[in-house]
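For reference, the structure I am asking about is given below.
Labels run A, B, C and D following the written order; every chain starts at residue 1.
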Amino acid sequence: MMQKIGVAVLGATGTVGQKVVALLAQDPHFYVAELTGSASREGKPYGSTIDWRDDLSFPEEVRTLICKSPLDIESPYIISALPADEALKIEPMLAQKGHIVVSNASAFRMDPKVPLLVPEINAHHLDLLYSQETQGKLITNPNCVVAIASLGLAPFLKLGSIKHIHMVTLQAASGAGYPGVPSLDLLGNTIPYIAGEEDKIPQELRKIFGDPIHPMDLKVSVQVNRVPVRHGHMASIQLTYEKAVHVEEALEVLQDSSYKNIIKVHKDPTRPQAALDLKPNEMRVHIGRVSQGEDAHILRFVVLGHNLVRGAAGAAIENLRAYLSFIND
Amino acid sequence: MMQKIGVAVLGATGTVGQKVVALLAQDPHFYVAELTGSASREGKPYGSTIDWRDDLSFPEEVRTLICKSPLDIESPYIISALPADEALKIEPMLAQKGHIVVSNASAFRMDPKVPLLVPEINAHHLDLLYSQETQGKLITNPNCVVAIASLGLAPFLKLGSIKHIHMVTLQAASGAGYPGVPSLDLLGNTIPYIAGEEDKIPQELRKIFGDPIHPMDLKVSVQVNRVPVRHGHMASIQLTYEKAVHVEEALEVLQDSSYKNIIKVHKDPTRPQAALDLKPNEMRVHIGRVSQGEDAHILRFVVLGHNLVRGAAGAAIENLRAYLSFIND
Amino acid sequence: MMQKIGVAVLGATGTVGQKVVALLAQDPHFYVAELTGSASREGKPYGSTIDWRDDLSFPEEVRTLICKSPLDIESPYIISALPADEALKIEPMLAQKGHIVVSNASAFRMDPKVPLLVPEINAHHLDLLYSQETQGKLITNPNCVVAIASLGLAPFLKLGSIKHIHMVTLQAASGAGYPGVPSLDLLGNTIPYIAGEEDKIPQELRKIFGDPIHPMDLKVSVQVNRVPVRHGHMASIQLTYEKAVHVEEALEVLQDSSYKNIIKVHKDPTRPQAALDLKPNEMRVHIGRVSQGEDAHILRFVVLGHNLVRGAAGAAIENLRAYLSFIND
Amino acid sequence: MMQKIGVAVLGATGTVGQKVVALLAQDPHFYVAELTGSASREGKPYGSTIDWRDDLSFPEEVRTLICKSPLDIESPYIISALPADEALKIEPMLAQKGHIVVSNASAFRMDPKVPLLVPEINAHHLDLLYSQETQGKLITNPNCVVAIASLGLAPFLKLGSIKHIHMVTLQAASGAGYPGVPSLDLLGNTIPYIAGEEDKIPQELRKIFGDPIHPMDLKVSVQVNRVPVRHGHMASIQLTYEKAVHVEEALEVLQDSSYKNIIKVHKDPTRPQAALDLKPNEMRVHIGRVSQGEDAHILRFVVLGHNLVRGAAGAAIENLRAYLSFIND
């Protein structure tokens, strides 16, 4: 049996950080070797300082790990769930020191030398790492909605050239972390706004689907909503193609074996639903409602994924796996 | 002071029917003269048979009104909140008998002789009544989402020729009536499906904005969602114009005095919100998030309205008011 | 027609403060003459600084009122919706300066010289004001749960001597103000804890029902819960009497005309419910489920009230009314 | 390794039935050998007829099992998740035919010959089976609240003689099955009523804690609430003892090793919470907020359990395990 690889988790006490810790504890290849929390937690055992809120059980093996300072990390492989402002400072220093930093933070997502990696889509973007001058390397995963939507979009992009993508999101509370959104904002209410989100999504999609340096020429227009759901970002997506397309073509591409473990396609018209389709370690994105409406150039679908798993913690872990596969090839 | 006009309310014990009764009790022109419930309620006082659930207070003046059979109604003016199947049978009989039937039911909305009336948009469709052979007349209001979205769209349609409308809805629980949607379907969950809705919306919009007989040539593609909100249908709408347009143009048209009492425009980017903007008798639609994104041919906005008021009961009452104005001109 | 009395509102931008402003705008006796917000708002018009979130409409007449510093208030009558720590400092200073300060804050509720006033229960506690040495006076209303529960308990206390009161509360999100409780704590969840609440409630009840100086000898045990409801505190209450009692006795006392405008008694076993029974200006408490179970010495009931109205803002306004009536007698 | 025992599941398509199927698929001792659904499903594969809604994954091994008629069941061991009216007819027929019927239905819970079994509390009640004249036997588990509350109460009953138990419940939506409670009743709302529940709970508790024939002399008074939570029944419980008791005594008894796998005691005052403490196969009950208030004779605590697991499906499975252990002794 293969020996597991130790990973350091930065920002391990936050909402995403807890999910990273929980998923690594279930992972066949990795284990949590070191971790960091906020400065006030340094030197304390993780188990005594953490307010564990993840839906997955607290992994007993990390209880006595001592929270370190980020710059004291020794593990070569790091998953960063730091806030963007801390990531901006700390991640380059760690790459400088020789670490492989796989980050969920937004700080370097649009940096032209940093892969915005969804390995099932653009594993070749790892070639960008050769352009990074540091001994270590920095890899990022997209914004949580983009991580989910990009996987949903990938098969549809194969059907033909796209004139326009219209996307409306329904995003869960945990996307804003904890404490995050006040309950009076979400009890029986939806909010048609998340700061910065509508601008970020098109940019990140173009980088993911494009050539590493040259973003794809993809017109995307996004409207976002926060909805009273704990976990699970959903997007209602409408694609306008240059040519006429058919629902059957889409369903056929979706059946491709390469999507087998990534995408779950629902025939039940009432699916996907966060309450029914998202286990607390669900890495698949769920696609449903593939339809055409009245215009033969348009395909519509709904995509749903777990924002903390596929949209953040699980995405980062997959990126580390992809990196190891890349350097071992 | 003007004498109030008595109105008969059909289906007065349902979710929409209760709202009709509550709104008529506040109306400066109308009062509830007669009402009907389900067959089992006939002959009983409304106040003793009703499970009053509306957010507006029960109007004491209707407590002792006796629930009638629809065909015993004597009032010339009728507002129908009947289920579609009952409306299909009963409304034509009442029109035959000479009543003015203003219906919220879906049964005759697409009938070419029946106005699908949003008086602020298409009051001239009342001319269709001349084509109805019956002594009485039949007028309908649109589906609840369409009633709200059409008012939101009206000013935007003035900005130029539209190539395509993309719309994604977030619809409240009360749109399905009571008991309606099971709580396990909506607690912390959203459902990307409402039976028939995605087909109905484009058809009704084309009839409303078109010539009475010839629907407007309007390409509309809709994806719907049910969300855990009590009242209030929201739609995220993206309009693709033939020419370049500007947010400022839209905001200017929205300031037009003709929209003053119909549309409330929000500058706060977090609005509109059902929890903050919808009083239980709110007839205005609320527009926010007017934006452009990256494509000069696209305008986006969010529209929110009270599905039971502007989307149903209030819409029917306005239609009766519009009819009376029409025949008195 | 009586001339309305101007009132200054302290803390007018918070959740309770907004409700005070909204209710005063509807009040037959009072109007908002002055108001204060946080220090950063001083000198700015209330309408431009406020994020209005109350379910009642923003009263246009206060839009241009300038937010003052508390110590610049000139109105003789003040309603304070200050946080406890600010109230502790400022309210005595204002009383010293001669103002009548009617406070919703917790700072002085248990002060033996300050009436903890529910005028429908203990108006005679206003005699305590003679013991205050300041030129002005300080009056408080109870904690929001106590304000509601005390009115529910009052008729039951008339039925006989009570050995013990067991109370379990279900308290709404708005009781914690805004932003208050994080949405991840309340979406599909309840929390069996509110800091300090279980100790405060018995003490306040004993002061309210006792002699001004000597609290009533009332054994009360309380367990609290926060529930995912926007507004409305409910309490399930069980009273153990010294003697056998009957549900009919309780229902008879509840019919007493003195409770007519204060208590609404529900026969429907599924009531009261926040969603059905609490209008945004609802001053009545709602009682339902009066029952006995298996023990003739026990009576049980459920009481519900609007925590921001009867439990806070409305309570303070009634206390000011009671004071004016007291000094005019 | 022990060979797994096949179990037939009656009513396997309902909310509780699905949980039985899901838990059996994880069980070290049992597997699903046969199953029944509603009459219309007979003859069809379970996997094609089921609308799987459980939080645990659909177990692939039952996909092709054919839904049978209850009277065609051949397995000696049956777990029944039938509705009460069907259970009343079918369960005795199956016991007559020689099956061991372990039922979650309410039909025979109070039958003096049928154990109302919580094996951790009253395993000796299985002696009642000798009084059943049938070749097969019938065993029941309590109502979902009682199953949870009884385990929470068990340690507290050891501290001394109890004068009275006051209990207020906060019960989840799934306790009413699917479709169950309408969403308009639970979105942002609580309901202080569940038909029949307040009477059942005291009776069942007395039978569980008593001698099989003679119920315990236990005074219990219950008030129930339905709350907007998907899964998880919570109870706020107050015990009045004959003598003075201390929180420390309770905490000591709760540490008893016999409760180790049954009860999780929380020190965090904000726990237990359904959102944080209930995994979809959680068999433990969670106790928190152990406190005394002002009266030395009273202890208070909060107990939470998964109503579909510990309160229903898991309880029945444990009862089958207890039966097998009983006959093998």
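The criterion applied here is as follows: a contact is a pair of C-beta atoms (placed from the backbone, for glycine too) under 8 Å apart; a residue touches a chain by one contact, two chains touch by 3 or more.
Everything numeric here is computed off the predicted structure, so don't read it as measured data.
J.: Relative to subunit C, which chain has the most distant C-alpha mean position?
T.: A
J.: A-D versus B-D: which has more C-beta pairs touching?
T.: B-D
J.: Report the inter-chain centroid distance for subunit A and subunit D in whole angstrom, where each centroid is the mean of the CA atoms.
T.: 39
J.: Distance-wise, how many Å sit between the C-alpha centres of subunit B and subunit D, to the nearest whole number?
T.: Those two chain centres are 47 Å apart.
J.: List, in ascending order, every residue of subunit A touching at least 2 other chains.
T.: Correct list: 53, 184-185, 187-188, 228-230, 275-276.
J.: Could you list, by residue number, the parts of subunit B that touch subunit C in their complex?
T.: Those in contact with subunit C are residues 53, 55, 57, 187-188, 230, 275-276, 279.
J.: Using the touch definition up top, name the residues of subunit A that touch subunit C in the complex.
T.: Counting only subunit A, the residues touching subunit C are 53, 173-174, 178-188, 228-230.
J.: Give the list of subunit D residues in touch with subunit C in this complex.
T.: 164, 166, 168, 170, 184-185, 187-193, 198, 202, 219-223, 225, 227-230, 234, 236, 238, 240, 269-276, 288-289, 291, 293-295, 298, 300, 302
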